[in-house]
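Heads up, there are several structures right after this.
Both complexes shown next keep subunit A, but they swap its partner, so subunit B is in the first and subunit C is in the second.
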Partner chain A sequence: MTAPAPGSPMWAGLRTWWTMLSICLEERLVYRGDFALGTLMRFLPIVTQVFLWTAVFAASSRTDIAGYSRNDIVAYYLLTMLTRAFSSMPGLAGGIARSVRDGSVKKYLVQPVDYVSFLLAARIAHKLVYYVVAALPFAGVFWVCRGYFPPPPDAATIAACVVSLLLSFLLGFFMEATLGMLGFWFMEVSSIVFGYMLVQYLLSGHMFPIDMLAGIPSGLPGTSVADVVHWLPFEYTAYFPAAVWLGKIRGMELARALAIEAGWVLVMVVACRIAWRRGTRRYSAFGG
Partner chain B sequence: MHNTDRPAVAASTDAVIRVAGLAKEYRVYDKPEGLLASVRGLFRRRSRVVEALRGVDLAVGQGEFVALLGPNGAGKTTLLKLLSGIITPTRGAATVLGHVPWERADAFRRRFALVMGQRNQLWWDLPAAESFRLHQEIYRIEPARFERTRDELVDMLGVRDLMLRPVRDLSLGERMKLELVAALLHEPEVLFLDEPTIGLDVVAQHTIHQFLRHVQKERRTTVVLTTHYMKDVAALCERVVVITRGSILYDGSLQRIVDRFTTHKIVTLDFDEAPDRDRVERFGFPCEVRGPRVVLRIDRGRIADALPTLLRSEGVRDVSVEDVPLEEIVAELFRSGGRAAGLQESAS
Partner chain C sequence: MTRYLAIFLTCARACLVRDMTFRANFILECVTSLGWMSMNLAFYLLIFQFTPEIGRGTGWSREPFFAFVATGLLINSIVQALFMPSAEELTEMVRSGGLDAVLVQPLDAQFMLSMHRVDFSSFANGFVGLGLLAWAVPRLDQPPSLLAWLLYPLLVLCGVAILYGLVIMLAAATILMGRNQSLYDFWFYLTNFSRYPAEIYAGPWGGPIRTVCTFVIPILLVVNVPARVIAQPLEGRAWGLVAAAVVAAIVSLVVSRFVFQAALAKYRSASS
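For the complex of A and B:
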């Protein structure tokens, strides 16, 4: 790919975007204190999970459940914490809906700037600041728990894992942004977001590894619930990158899953664009 | 349909803003009172159509400074929103700088600005200078030009130091000044202002008046503003468009409104000591006695006859003759819906 020439519209677009990013970074740094505390709090639920699964393994006298040993399970939960640090978008949908309700979205109708690009820049800035602040607590927890992890995978697997994480960021962003755009049709989206979070919690692998659904028939001949979930977008925001790191998904299966993830990103980008276009058209016609 | 003093502008070809038969209807849902009615409302909502704007015609030439006046809910802000492309009309057409505003082309959006009184285009937690930098990028302003314009604007408003402080630490007046700077950085050819001086103290209002007048003169910017403050209008606008109930009631100079709608003058007499009420009432005009000061409302036609008599009366130390305050005139205009004081006959 060649770099866009200085002076071209694309170059100007990139510069604008870079300025948005740097200003969002500055703004985010105002709130860095919040982040440090929030990060540590996020690890608390893990402790309960570890106790719960220790009890499950002790009671069942089995050494593995759906291919996960006790150590694997702990490692899995820690890794989903990392995935969720990429894919979760706190306040994104609610923020968009609020901007519609209180009218601050008008600014993006009047100024020559694209709202979705702007939100994306803001979210990347948000995440970058978060990673800087959260790196230390994350590293600390992973180091303390290093005994639970299998030996690190090969370079190709690590590369696949990084790609899946970056895609999970985009997927999470565009899913939530699209949800937020529903604010153009409904005054309040918090109950819709709540419903989404619930489905997300169950089907993303945040609650348990999706492999545990492999034994449950879906009702379709020859397919389990896990097979169906693999085709949905949710597991790519938590389960998938973690399972890749743990070596649960390899070869062709891995390539197919990455393609499905990329496909969903594309679908959600388009959905978000359509929702924005229709939404602003409706807003212009009815509200304003 | 409406009255205009300015057929010349409407007919001219260099109009920057042209509006023809522009109408906007909203569907609003009535929220019935009571729990039972609210539950019923979940299944069937009663709605009605509100006509915010009913077929408005308007032409504004380059460099004009126009005030939109009208009571709350008259359709002023709806018109501004249509002209800045935030909303689409139900009927009618409009162009601003040759563009249909609600198509929201970037080429159009780089050439105008909208400032809504309390809406923030500045980033709350950052110094305004950062928001300016963002505007430089989104409006594609050359660095040298950006710096020159910014410095000129902040110096004119005396906010050079303030632009380096987080916006949340500034007063309302300081914020408004910086909002104006942000809106003018890209040197818009058309500027829409929705109640720019609302909630500001007299000093800040005055500074903003001077600033707007200067900018408009220097750059030949076309400015349309809505306001409730007659001070804004008197200081800035030669042309006034009065909107009530979605229609244009009057379009012309401020002076014409004053001439046509003032039937009275206010005459103030200062006596050496508080006069008897009886004696004052004998003048035969509606009056108000405040200690040694007497305020009379006298028909404009009778002023010339009345003044000599008043001056000759005993104990009068000083006399002043003033127009009825602009607020009062405009309030009367809104109330009467234009029927008063011969607006109709002069329309043709």
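For the complex of A and C:
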């Protein structure tokens, strides 16, 4: 594969991307102190979860709940923090809807810059800065809690986990971006975003491992709520990469779940593109 | 006192009129908070699928625990409705210099800055809390005594007072620092510790957390004490906790008042 020649359209595209990325990186680094403090504080709710589950295990006299030992649960919550660091997109949907409402989106309609690509570059920059600044707090917390983790998995599982994390970033981005595009049809999308966040929080595995829903019938014959949730996109933004690392999903099941995740990414990319195309077609540019 | 009550009622009436002007938004906000609360209740129901109680021998089985949750909803809804909206506004007032307009009024600054805005939609969770309490209490193994019922509202007020003291101290920090969004996030994360029975904080790490959150920042007394009085037998150690909650409430109010006044004395206007 040859590198794009200077002056070629692909070269120009790469330069635009690099410029967008470096602008956003500089913007983000201004608030690095706030970032680091915020990251550390986000671990505080996990402290209460650790004690809660320890108390639950102590009272139930069980060694495992839905296949998770007490240590697994603690490791799971810590790993979902990492997963959410990839898939959460704070302010993305609201930002898109606001740019539609106040008219600032129209500059992307007249400039030779693709809005979705710009948002993606901005989000990659946001995440890169976040990982650089958050690496230390994350490493510190994970080191303190290292006793809760099982031995590191094999290389194939680690690779699958990394792929699932990257896909979770794309899935989170395109789901929220598509929601934001609804701003072309509705003046205010905050209630829709809230509804999404509610479902997302419950079904992503952020509150508890999805395996705990395996015993609850869904109403469909022979199908539990967990079976239904496995086919939805939400669990791939928190539960799935954590469960892969902990060895809860293996072999064909893992391959199938990765395929479902990739499928959802594809669906959301297409949905986002369709929403952008149809939305800009009906858009009337108000505002100065 | 009557004058301050009249001013508070006027502010509350203005907020209610504003809320009712945007009625759909008001309903949406109620639904929002009810949605989050329902999700948490679903989580607790799930937990009780796997265990008869939270913590071995603690007495926090399903019904007492839901009485605990109900108490938490009640206390937090009062704080969220009466104090948090004003405290959240303070950050911007300090930064923009809007605080000056409050300081020149012939009124107590702490009163105006902590109570001029009321968020009526936050009461929605409080009503659900009352409903949950009404469901849980008749199902308790031992119904609460008359004395427990008399103490309960007093201890709920103590819980509100402790949280109010915390809000005021964070507001004081806002005045000193100019802006402290992270500290308000800290408030959210700190109050998170009060969401579960104090007994869960056990062991080499839990013990110190429990001590700090009981005696230094008495966040564990906020919900635990009233909930224990209503949901568990009122005997022995419970009386010590009742006394601790009352003392903590008084100390919180006094210390927060002192800190707030000290912060105001150091305030330098941001406006021209």
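Simple rule for what comes next: the second predicted complex is superposed on the first by the 276 of 288 C-alpha atoms of A that agree within 3 Å, B and C clash if a C-alpha of one lies under 4 Å from a C-alpha of the other, contacts with A are read in each partner's own complex, and residues count from 1 in each chain.
Basically, a contact is a pair of C-beta atoms (placed from the backbone, for glycine too) under 8 Å apart; a residue touches a chain by one contact, two chains touch by 3 or more.
Small disclaimer: the values here were computed from a predicted structure and weren't measured.
*Asks:* In the superposed model, does subunit B or subunit C contact more residues of subunit A?
*Replies:* C
*Asks:* For A:Gly38 in the superposed arrangement: first (subunit B), second (subunit C), both or neither?
*Replies:* Touch partner of A:Gly38: subunit C, not subunit B.
*Asks:* For A:Glu253, select first, second, both or neither according to whether it touches subunit B, subunit C, the two together, or no partner.
*Replies:* A:Glu253 contacts neither subunit B nor subunit C.
*Asks:* Going by the contact rule set out at the top, does A:Arg62 touch subunit B (first), subunit C (second), both, or neither?
*Replies:* It touches subunit C, and subunit B stays clear.
*Asks:* Under the stated touch criterion, which partner chain does A:Phe51 make contact with: subunit B (first), subunit C (second), both, or neither?
*Replies:* In the superposition, A:Phe51 touches subunit C alone.
*Asks:* State whether A:Pro112 touches subunit B only (first), subunit C only (second), both chains, or neither.
*Replies:* Touch status of A:Pro112: first partner only.
*Asks:* Which subunit A residues qualify as touching subunit B in the complex?
*Replies:* Going through subunit A, the ones touching subunit B are 12, 15-16, 19-20, 23, 26-27, 30, 103-104, 106-107, 109-113, 281, 283-288.
*Asks:* Considering only the defined contacts, which subunit B positions touch subunit A in the complex?
*Replies:* Interface residues on subunit B, with respect to subunit A: 26-27, 78, 81, 84-88, 102, 104, 106, 109-110, 113-114, 116, 119-121, 123, 125-126, 130-131, 133-134, 136-140.
*Asks:* Which positions of subunit C touch subunit A when the two form their complex?
*Replies:* Residue positions touching the partner: 28, 32, 35-36, 39, 42-43, 46-47, 49-58, 181-182, 185-186, 189-190, 192-193, 195-197, 199-203, 206, 209.
*Asks:* Okay, in this complex, where on subunit A does subunit C touch?
*Replies:* 34, 37-38, 41-42, 44-45, 47-48, 51-52, 54-60, 62, 65-66, 191, 194-195, 198, 201-202, 207-208, 212-213, 215
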